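I have a structure here, written as structure tokens, and I will follow up with some questions on it.
Going by the order they are written in, the chains are A, B, C and D; count residues from 1 in each one.
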Amino acid sequence: MKIQEADAKSLLAAQGLPVPPWTVARDPAAARRAAERLFAEGADAVVIKAQVLVGGRGKAGGVKLAKDAAEAEAVASRILGMDIKGITVVKVLVAPAADIVKEFYLACVLDRAARRVLFMGSAEGGVEIEQVAHSDPDAIRTIHAHPHLGLLDFQARWLGFELGLGAHLKEFVAIAKGLYATMIANDADLVEINPLAIVRERAADGTVSEHLQCLDAKVTLDDSALDRHPGLEALRDLDEEDPVDVQARHEGLSFIRLEGDIGCMVNGAGLAMTTMDLVKRAGGQPANFLDIGGGAKSDKVAVAMGLILSDPSVKAILVNIFGGIARGDEVARGLVEARAEQKRVVPLVVRIVGTNADLAAEVLRGVPGIEAASSLDDAVEKAVAAAKAAA
Amino acid sequence: MKIQEADAKSLLAAQGLPVPPWTVARDPAAARRAAERLFAEGADAVVIKAQVLVGGRGKAGGVKLAKDAAEAEAVASRILGMDIKGITVVKVLVAPAADIVKEFYLACVLDRAARRVLFMGSAEGGVEIEQVAHSDPDAIRTIHAHPHLGLLDFQARWLGFELGLGAHLKEFVAIAKGLYATMIANDADLVEINPLAIVRERAADGTVSEHLQCLDAKVTLDDSALDRHPGLEALRDLDEEDPVDVQARHEGLSFIRLEGDIGCMVNGAGLAMTTMDLVKRAGGQPANFLDIGGGAKSDKVAVAMGLILSDPSVKAILVNIFGGIARGDEVARGLVEARAEQKRVVPLVVRIVGTNADLAAEVLRGVPGIEAASSLDDAVEKAVAAAKAAA
Amino acid sequence: MSILVGRETRLLVQGITGREGTFHAQQMQAYGTNIVAGMTPGKGGQTALDGTVPVFDTCSAAVRETGANTTVIYVPAAGAPDAIMEAVGAGITTVFCITEHIPALDMLKVMPVVQAAGARLVGPNCPGATSPGRAKVGIIPATIHREGRIGVVSRSGTLTYEVVQALTDAGMGQSTCVGIGGDPIIGSTFIDILELFKADPETSAIVLIGEIGGDAEELSALWKTANIPDTPMVAFIAGRTAPPGRRMGHAGAIISGSGGSAASKIAALEAAGIHVAESPTHIPRLLQEIGVRPN
Amino acid sequence: MSILVGRETRLLVQGITGREGTFHAQQMQAYGTNIVAGMTPGKGGQTALDGTVPVFDTCSAAVRETGANTTVIYVPAAGAPDAIMEAVGAGITTVFCITEHIPALDMLKVMPVVQAAGARLVGPNCPGATSPGRAKVGIIPATIHREGRIGVVSRSGTLTYEVVQALTDAGMGQSTCVGIGGDPIIGSTFIDILELFKADPETSAIVLIGEIGGDAEELSALWKTANIPDTPMVAFIAGRTAPPGRRMGHAGAIISGSGGSAASKIAALEAAGIHVAESPTHIPRLLQEIGVRPN
């Protein structure tokens, strides 16, 4: 689960990491008030950042500086409502603009192949790490945390020295260990600080000092672990979530809306992807990815059908079930129930094989509007034809 | 460092383990008041237990039941002042007497050879585990905790089933893991519950239930780790500590008072033990074990001399220094300073070899009352002879 | 022979008294798998599968009393990491973990314990393995198999069934079919299983079923070139049309940045001389084209 | 040859810029030990020992730049466990930890990391090792040694010096003298060192210096009988007169219940045919009685 920058910063701050203060504003006036407070506290400028879960908001114009409160309000009103990669901006983060001496990149991420937590650091901060990986791979320094003991002190020191942060080593070690602590405390897949920056700070007496600060943060949470962190569910940003996705999640269905017109209902993620691929290969356009899971009962099937049909562009539905744990007759009954209740009727191509496929065929026999298919290829062809006919 | 039962119970309770309430009383009246409270809370009887850091207090008569508050006071006044293995009882613990269904033994301890934390359990609780180990070794079940992950759930379950605690498995698992947590939280070498007991409890409504409770506890702390647990130093029981031991500890000296008349001052624990052994072998009696440590400076040597001389039975002192990190001349200077200041003059046999032994010889040359010795055997013989001459 | 499971398998079922455990234990026993023990803490002394299988409180008791050498785990996610560690701690050398939704960081902790015990873990969130005619461990439907010489390894569940059914329909039997699971952190990788197939004299061709996410398919392609250049091998990759940045069901099935795309995987496989099928139903034909005959 | 340290030793000194580290590095270098690097975080780029030794910020840099294969650790107890793990993480295979007062639970955590790296740790709280005429690593005084064929292994510090001095005075040279440390949790046991002596063609007799506490001496006696029954061996045990239940300086030196007493150790050693000296000064005579000659 992705969470917003502001929430990521909260998780980092909870582990004691140095994060400058911030406020989230949902309208320009609130942004202005937040800016006023920051200017009153001595800020020279503030930064207004779109809060969206997609990357590239800077390039899209979603991150701007403001020199006074009025400008902050104006900037916020320009950013709010902006469309960034299909997401409408409904909130901005307001924070003091830092006096940046140098920017770094620091992240810990689940490394599947090594089965370890991987720390990645780069002295080229503030840009996308994939870009650095492409243009200057040697600039990225990596080290695996110990699977049981975590990031050891010497590993954190090593990374700090490699990034040229010897002068800020103690701060860096604390931050790196804090990143790991954030990962563990929240079952995160990724904790990223970009930029981690040396910032110049002027104290009340005029003395200037330099410190490390986490200026931006990205955290991705492990969906499988959300159950044991009840508080984290509240960080799910419903602003950016399709209501259909929300419903699917509540039903325990794995659902992703796509652009096409052929609804797909499949059991198993790999088979669901394959079904989509075959639809496309046959000249159709899948309207969604939908895995109804292992032991789907008939009521779940009916819910899944409702989700698919909630998309007005759906012109035909392809049901592809390979019974294993899932029993074919259960799925068939669910389809018949759903068909009976649904308002909008679209052609339904059904292929059910495996456990209780024969019982399923009996259930479906003679139900109007349901076309049986024998093989996967056959089912895909029929669904594509049905959608084209309905278009 | 050994700590008293009451303090051990506090450490267990801090980790959430079920420990019945207790009060520590330093006089019979306080014991009576504690008993009155427990009887008012519904106790049928109370137990009064001598708080001493030596084993065998039960056999010595230091643990007694009382049926009412008056008896509690009487029992406490008998136990207070009692001598148990040379320790005068100055405080007692007052606790409700449990209705014990069955007693068990459970401990975790540092296993040197395996370099693991070893859990030991036995269904024969309430007796010394060494006795069980001798009489019925098969009754003791053991398992090593994982060095990084601690006692795993399945290990705790296994131990519970082995002890026949299947009916109390959840409680047992929590207690076993709590023992490990107590060990880790306090850097303990040993955490022992004996007895861990199934006790029968009658609720206000008369219903009877059975639970596991930690009725007695013993915790030994790792002296090397006390620095990082500032709170634990307060648990050191100065009541039972020789003031000389306290002083030695403050000076960073390793000192143990013994029964003899030949004071020993040595650098290095192994060499100090050897010196004691050789004194005894030569017919003398060492008055102490004293390791002045590696880099002892002259002022430390003077303090060490004072410690030795504070024992009036000391008739002669044997100084045996093998200079390595310790420099012989530093020690020699310390000896001369000490000799100059001390009120009581006893014969001093000095053997200094190794680093700067020649300089040491120069420092000591002509100092009255100091007899030089060449070899270790020679030094021991001279010291024994000196002590005999002074007797 | 065959790999992972076979006639020598003496199977323990952890969580045998649960709904899933009971159902699949019946299926496995009906297939002929030698189930020697069940295990559920607190149910020690009972029996399962109509009195044919003793149930134990602990894995160590199960192993001691029955000589179990393989286990399959059907316990909920909260208890599954501990169940894996208990199994390997009791000396079991092959562990199948069917349980899904185990947090990834839990698996990071478990893996070194498995490795230190010298055991092999398949899964979690995997369908198990079947050696047709010999033994079936996990949840793969019994009906889809045919005895033969093709090794099948897959990150998926039902997609595997689809492929195996297609092979069986074409008369192409399997030596062993293994589902390694779609989670980001799994006990056995493609390469681990390929190594077993390499050493198995009864496996003469291999079908690999991959999907988007990670780089396991790319690594497998390199491994094939270096280790079994002459073994006939066909692959299938699910997710050619999946949008980047969205998790396609499996926690591991996600294209992030340029990594993990189907295109990258297909290119790597083809560079290693592995034919990549466009549909599961094409696999038998591609196998025949490289000389694998029905049996 | 010799064991642990020798002419092939390329020594890193961790904590070389501290008071202890500087002093002993000078002593070691003066003895002829090949010190190739020092390490103190934050002092990378400086030099030590009059400009002869480069100082690095990390062990990995030190190993990369100098090929160090052995390290000696003089850092305070709070940082020593990390220093050990850093050394083995950088690929160093022999680690001497001189630091005392490391909490035992810290060492429990460190040991599996050392073992997983395939490294050998001697100590903590040990005096190090000297192979006379070749190299000296640690804090053992240089002056007490003589080249020869007797291997010395000890749990003690100054008591070792006493014994080695006695050997040298009797003209009985040493192959290597090793202090394994007196802490309860140590990296190398008596048996670990005895195994090295067994494999060393230049060691032909062994002196073992034990003390009360634990059962390392008893286990060594059994090991000697099973593995090197014909090697001449003499032992000394400190603490014959120590009272039970009191910690005699070393954290490990405590008699608890019936375990760890000098009597138990002496009985086990004598049962293995190992003569146990009553005084360190008797050791040379006992060695001569079993055929070991001065060299």
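Just so it is clear, a contact is a pair of C-beta atoms (placed from the backbone, for glycine too) under 8 Å apart; a residue touches a chain by one contact, two chains touch by 3 or more.
In this text, all values refer to a predicted model and were calculated from it rather than measured experimentally.
Colleague: Going by average Cα coordinates, which chain is farthest removed from subunit D?
Modeller: Using the mean of the C-alpha atoms as each chain's centre, the farthest one from subunit D is A.
Colleague: Write down the chain pair with more C-beta contact pairs when A-C is set against B-C.
Modeller: Output for the comparison: A-C.
Colleague: Taking each chain's centre as its mean C-alpha position, how far apart are subunit A and subunit C in Å?
Modeller: Averaging C-alpha atoms per chain gives centres 29 Å apart.
Colleague: Take the average of all CA coordinates in subunit C, do the same for subunit D, and state the distance between these two points in whole angstrom.
Modeller: It comes to 49 Å between the two C-alpha centres.
Colleague: Using mean CA coordinates as chain centres, what's the subunit A-subunit D distance in Å?
Modeller: 55
Colleague: Two or more other chains touching the same residue: where does that happen in subunit D?
Modeller: 109
Colleague: What positions in subunit A touch 2 or more of the other chains?
Modeller: Residues 148-149 of subunit A each touch two or more of the other chains.
Colleague: Which subunit C residues qualify as touching subunit B in the complex?
Modeller: The contact residues of subunit C facing subunit B are 41-42, 44, 57-61, 79, 82-83, 85-86, 89, 109, 113.
Colleague: What residues of subunit A sit close enough to touch subunit C in their complex?
Modeller: Touching subunit C: residues 110, 112-113, 115-117, 130, 147-148, 183-184, 187, 189, 222-225, 227-228, 254, 256, 258, 266-274, 276-278, 280-281, 286, 289, 291, 294, 322-325, 353-355, 375-377 of subunit A.
Colleague: Any idea which subunit A residues touch subunit D in the complex?
Modeller: These residues of subunit A touch subunit D: 146, 149, 152-155, 157-158, 161, 166, 169.
Colleague: With touch defined as at the start, can you tell me which subunit A residues reach subunit B in the complex?
Modeller: Those residues of subunit A that touch subunit B are 148-149.
Colleague: Quick one: which bits of subunit D touch subunit B in the complex? Just the residue numbers, please.
Modeller: Where subunit D meets subunit B, its residues are 77-78, 100-109, 111-112, 127, 139-141, 143-144, 154-162, 165, 182, 184-185, 189, 209, 211-212, 214-216, 219, 236, 238-243, 246-253, 257-258, 278-281.
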